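Order as written gives the chain letters A, B, C, D, E and F; numbering starts at 1 within each chain.
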Amino acid sequence: MNGLPVAEVLRIVRTALAEDLGDPARDVTSIATIPQDQVSTGDLVARADGVVAGLPVAAMVFDVTSEASAIFAAVVEDGARVARGDVLATVTGPTRALLAAERTALNLLCRMSGVATHTRAWADRLAGTKATVLDTRKTTPGLRVLEKYAVRAGGGTNKRMGLYDVAMVKDNHAVAAGGVVEAYRRVRSTFPDVPVQVEVTTVDEAVAVVGAGATFLLCDNMSPDLLRDVVAAVQGRAELEATGGLTLDVAAEYAATGVDFLSVGALTHSSPILDIAFDLNPAPAA
Amino acid sequence: MNGLPVAEVLRIVRTALAEDLGDPARDVTSIATIPQDQVSTGDLVARADGVVAGLPVAAMVFDVTSEASAIFAAVVEDGARVARGDVLATVTGPTRALLAAERTALNLLCRMSGVATHTRAWADRLAGTKATVLDTRKTTPGLRVLEKYAVRAGGGTNKRMGLYDVAMVKDNHAVAAGGVVEAYRRVRSTFPDVPVQVEVTTVDEAVAVVGAGATFLLCDNMSPDLLRDVVAAVQGRAELEATGGLTLDVAAEYAATGVDFLSVGALTHSSPILDIAFDLNPAPAA
Amino acid sequence: MNGLPVAEVLRIVRTALAEDLGDPARDVTSIATIPQDQVSTGDLVARADGVVAGLPVAAMVFDVTSEASAIFAAVVEDGARVARGDVLATVTGPTRALLAAERTALNLLCRMSGVATHTRAWADRLAGTKATVLDTRKTTPGLRVLEKYAVRAGGGTNKRMGLYDVAMVKDNHAVAAGGVVEAYRRVRSTFPDVPVQVEVTTVDEAVAVVGAGATFLLCDNMSPDLLRDVVAAVQGRAELEATGGLTLDVAAEYAATGVDFLSVGALTHSSPILDIAFDLNPAPAA
Amino acid sequence: MNGLPVAEVLRIVRTALAEDLGDPARDVTSIATIPQDQVSTGDLVARADGVVAGLPVAAMVFDVTSEASAIFAAVVEDGARVARGDVLATVTGPTRALLAAERTALNLLCRMSGVATHTRAWADRLAGTKATVLDTRKTTPGLRVLEKYAVRAGGGTNKRMGLYDVAMVKDNHAVAAGGVVEAYRRVRSTFPDVPVQVEVTTVDEAVAVVGAGATFLLCDNMSPDLLRDVVAAVQGRAELEATGGLTLDVAAEYAATGVDFLSVGALTHSSPILDIAFDLNPAPAA
Amino acid sequence: MNGLPVAEVLRIVRTALAEDLGDPARDVTSIATIPQDQVSTGDLVARADGVVAGLPVAAMVFDVTSEASAIFAAVVEDGARVARGDVLATVTGPTRALLAAERTALNLLCRMSGVATHTRAWADRLAGTKATVLDTRKTTPGLRVLEKYAVRAGGGTNKRMGLYDVAMVKDNHAVAAGGVVEAYRRVRSTFPDVPVQVEVTTVDEAVAVVGAGATFLLCDNMSPDLLRDVVAAVQGRAELEATGGLTLDVAAEYAATGVDFLSVGALTHSSPILDIAFDLNPAPAA
Amino acid sequence: MNGLPVAEVLRIVRTALAEDLGDPARDVTSIATIPQDQVSTGDLVARADGVVAGLPVAAMVFDVTSEASAIFAAVVEDGARVARGDVLATVTGPTRALLAAERTALNLLCRMSGVATHTRAWADRLAGTKATVLDTRKTTPGLRVLEKYAVRAGGGTNKRMGLYDVAMVKDNHAVAAGGVVEAYRRVRSTFPDVPVQVEVTTVDEAVAVVGAGATFLLCDNMSPDLLRDVVAAVQGRAELEATGGLTLDVAAEYAATGVDFLSVGALTHSSPILDIAFDLNPAPAA
């Protein structure tokens, strides 16, 4: 599924359908009015300009409600820029299955496309600079794999972290270990295969941890001036991530400091959806 | 848990923790730097003004990571208006457990509080009118019970629907059944215990379905003038819900038409989070 | 997934991988010898002539072991006739993930292709007659959806039955109900939406149950002569399925009786596999 | 359960029943025609000569559909040679439960007995030689524990391997490690408690890996002459397994080379079933 | 498994083992001291006189920890009266597996045997009267199937009820329905296939509900005199169950009233265990 | 939940409800007689003097059956001494949900309160001595977390052990390792982070293992005199637990020996329940 882990996506799809269809699953309106064997065709249509992400996920929703009998034909691919009115995909299958899938498919697709669209705005703003936009762990609970995929579809980069696959040394760890350098060393020796990022607050601290071997630093809430000093002091021996309340308005200014990454929690915690509709061709009365 | 179904909330909490902690669960940074038996205290603090929702959910996150050994003391209750700087709750427990819970607890709490804050703005705007604000099925997949709870905490009303517990007759059903009245009747007779809402597009249609017994109508994308005509024609025999791209700016104008409900998908699909932080008191080095 | 229900296929894939990789999952040989970051490419190659089925299933195996990082490029589609030496698909991904997937992917693909190849032989033999070949419930426990899909890929037809979706009245039901006609009527009235097939043993019985409304008859272990009599007596008012120890040698003779279906349990319970190999391009030493 | 892991067998039984009975489970024909309280007795009867395997598994199927109320009395034990017409077991219980179990019990029993029968033919052919027949990982996905048990019931030996419990060094591992001896050493030191088998292609390679400590070699696709040379060179310091397209016709010739094991994938991937029927004594009409 | 539903028993066994062995499962003491391949034999021995129940359940515990490699040979059958010192069963298998199973097997076996022993005392006391002892729904949460089986092994009778399979009309239902007779009628017509028991408090009420068709009455906390009056009034048209704080001392007196059943919650909620030990023959040092 | 792990408690609650309500869940009597929208209030009332434990567990039962719509107001807290007639909690919610929860809530609450009451008797008896009462692994299968919590509520101490979190060297381990001191050393070095308790049978053995570093000894079935000798010999270098058929009558005598803990299996395997009832206020007829 193109970089989407199928087991996790299926879990999400089934959970979302269960919320909407209850247990046992039933769409009472359709059961009462739509003949069981009626087949229809519908289009997923953009209602606003943006970047699409999540078409294989939407396809899986229709797949599950139709027990694999619906045919989902994508017109564009994830990552495509689309304009209001564009048809993104066409679906043909049992009408009841299409209606049972509609809201869940849209809830997923609109949200993922919203993240991709927001990320694309950042990527466009940073085009031509050295910096790329990075996501965070501030994701919607339960949807992390989808949102990180959507960030990639929008031109962003995943820091790819939970607490388990990348270490991040912050103030509490430094205090507990008796200093940020010592904290770095403990993580490094305990988990030699895990990348370690270290949060620094001053130029001196940055120089010290890089001297101890750190190759990835987090600069939280630093001013552009301070960032520039850190960049100068580190001399390319470590990658630098700036974070902390960054907005599109100041993106260029921060990118100009020479940091490698700007991380933006709002990509995943506060993006508005991209409005997409499902236009079903009505079928005649039974 | 005050209106939150514990099994569903636990499923959400465990899924969210699994995303962040991996399998087997581990926070590599804390394992390497924080002593296993270190205990700390931290505060959940509002970073902006708003309405809080989700404190019992946050409590459960700390409960799970600490295997019930953390003590969570809420200072305010869900639904409270809070100001930047207010302490919402204090948590005491094993430092590793607090750090493992932090991001997941915040992701849930900030999101739920964002929905409550947004809903509160609508409820305040409608105060003094007959109308109340209603949520929709445009919820975050997997988090519906939390978001509907947050809507209530913010002063809104749940339409309480999936496809299974309230019927909604829309155009496709009407076409399939040979008319909206006939569709209403089929649903009514097939599922006598399920409430039925009917979407209408004209005054005549509204009168016809109310004549057939319908007591709950959906008026999608109607102008205030048309809504006023429907209100007049229905004469209180059915509740009326207006929907379709409503914004706070026009809330009062639509409420003045006399409808009972304004439904707003953006409450759940596009609310920004309420910024809340977890300030952990650092413990001395081991 | 082209007619394959994704949830069921994923269950099968995960169960099969768990058998081979243990819990926790580990391929001890590869862990000890293959670098974690080594990437390779391999080909799925036919070792005999036949019909291929199961490429999307094999793709899912590689998808799961590689956490969606492997790229699976099919060269042919399910249902294609392939010759010894043909490349069916190419897979690129982490070597460890490819080796962990190899045996499970082949076990599934070879078995499904074996069923498709066997079915194709029947379909070819029946080409030009009215009859088509049908599968049965004699499937491999746990793999029914895959085998029924493979039958379709080989040109056969699914009777699409478990005990739940199609009724089949046999001798025990007839005895319990006091006659085959009465048994048919009871099923018909108890489950009006479920198709009913009735097993008959004589021409008179066939005429009686068709008179009672039955439209689908099972003729078990009848001689071609007797089948011809039943065909003549039924006069097209019901579909007829012949079954009972049918072999390719007599396929044409039985098809010539005018029955609609020949059902063959051996399609799914005794097909030999189609031999397919995974040729991995070796990577240089680390 | 005599060497059958109960949890795994139960998983298989429930999955197989779910396929056949749907969700919620129902046998529509029996519900409509068989009284709920009717009790019957039936016999499992061999329809061909062979070796039986799987009676405890069949018993569990009846146990599950009858909620432990059926009585299953085995007449023979797994591993017994049976002749066409022999009664293998008698089952008494609610008729509906017996009919709901019938097909699933037979699908499992016939398949397992097919494997045992096929294995028995190999074991008989090798009787009097030093060699025994071995199974492989080419098993039916989901049924490995049953098939390996059936191999034992037929007189064969399990290599008892997934990728997790026995290491097997093949060409890809040798290339990655810089030679087969080095690959062997890496596995040996990384997993000291796991048996290691090494694939060799020449006499020199065999001598080298045995010199490095290997005690179990795989000889793939070697001619009898070459096998004899390897046997002579190894001088009993390691066990030897010959494999690669072995058939019953050449079994004696290969056994005569002095190898310890002949492994045969077809035992589990291409055995035809042993035909077994369930003859239910009809009960009078209700 | 002789009337024990295997799926439910397996659930209980796995839950109990998980409690004791943790996740991942490990017995730290044995891992550190007992060689992996050591095999031992142990005896389950009664430490007090009583009635045994649960040997197949204990066998399953050893089966699961040994992955089906332990051999469990029962010496007596469930329901047998045993004396202090009697060997109930002998188990041979890997020492680690035996030690991992020991406490869980005993916890289940001692508890079930305690219920059987307690029930046996009641059954003995009622021998020669018309009355039999009945269990209730006051069972240990999670162990109902085991405890009801143990009641049967001790000579008692299961009322076989959850809230789903037998209706019981009590005061709340009567009040809600407007009278006990009306309540009985509503249950009878809503669930025609479900047995209905009705609680009565007076002779008149008993006569009225029997007149309405009830065939099973519950007499809660009635004196022997009142019970005798009810028995006389009902004249055998309904079965009568007496309940309410019954003890062995008054068993005979209550049985003499002519009621059919005495139900005793203490059988399952307050039986002491029967003490049983597992005597493992020590193996020599490794 | 005050020291109760929510996930485990929820598992217990759902399992217990499933036993009582069947699948699909239904209380046939209430469905037939109680209106769906009827709301009632009931009290949990002690029927005997004792110590209460399990109110949050009972609350969860009502929470689950009412889908979080019932309001549970505790009057006392777990650990409180209560007298016959005391109201422990009041519950308001849908009548059907209250009746569906009643028996399961009581089964859990009565059992937990029984354990707490029994433990309280021990704790009172030991008040003023150095010794505290300890529980064992002889718990009800499936309910260990609840029973250990109840022991704490009654004033006892948890040894907090499964086989995974505390090692206990007994005779079999000593024999296998070639002596109790060697066994202790092996456990100590294999699992340095796990506490180790060692069973001793003589003063010499106690001295030897304490000399080897052991700090926690188990004295099984020792006389008070022998215990006193061990206490004297160990001189406070290790904690001592006496066990083996201890009863309340001899509690003071054993405590006087100077041991630190008396462990009592009967706390969890043979406590009678504390009788508690649910008095529901009847609602008028519908």
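We take it that contacts are C-beta pairs under 8 Å (C-beta built on N, C-alpha and C of every residue); 3 or more make two chains touch, one makes a residue touch a chain.
None of these values were measured; they are calculated from a predicted model.
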Chain E reached from chain C - shortest hop count over touching chains: 2
Co-neighbours of chain F and chain D - touch as defined: E
Result of counting contacting C-beta pairs for A-B and B-F, higher pair: A-B
Interface copy of C-D among B-F, D-E or E-F, judged by whether over half of the contact pairs recur: E-F
Interchain centroid distance [CA atoms averaged], chain A/chain F, Å: 46
Gap in Å, rounded to a whole number, between the CA centres of chain C and chain A: 39
Distance from chain E to chain A - Cα centre to Cα centre, in angstrom: 54
Multi-partner residues of chain E (each touching 2 or more other chains): none
Overall pattern in which the protein chains touch one another (line/ring/star/complete/other): ring
Chains listed in ring sequence, where chain A comes first and chain C follows it: A, C, D, E, F, B
Partner chain B, residues of chain F touching it in the complex: 1-7, 10, 14, 36, 60, 63-64, 67-69
In the complex, chain C residues that touch chain D: 11-12, 15-16, 19-22, 25-35, 38, 40, 95, 99-100, 103-104, 106-108, 110-111, 114, 137-145, 162-165, 167-179, 183, 186-187, 189-191, 194, 196, 266, 269-270, 272-273, 280, 282-286
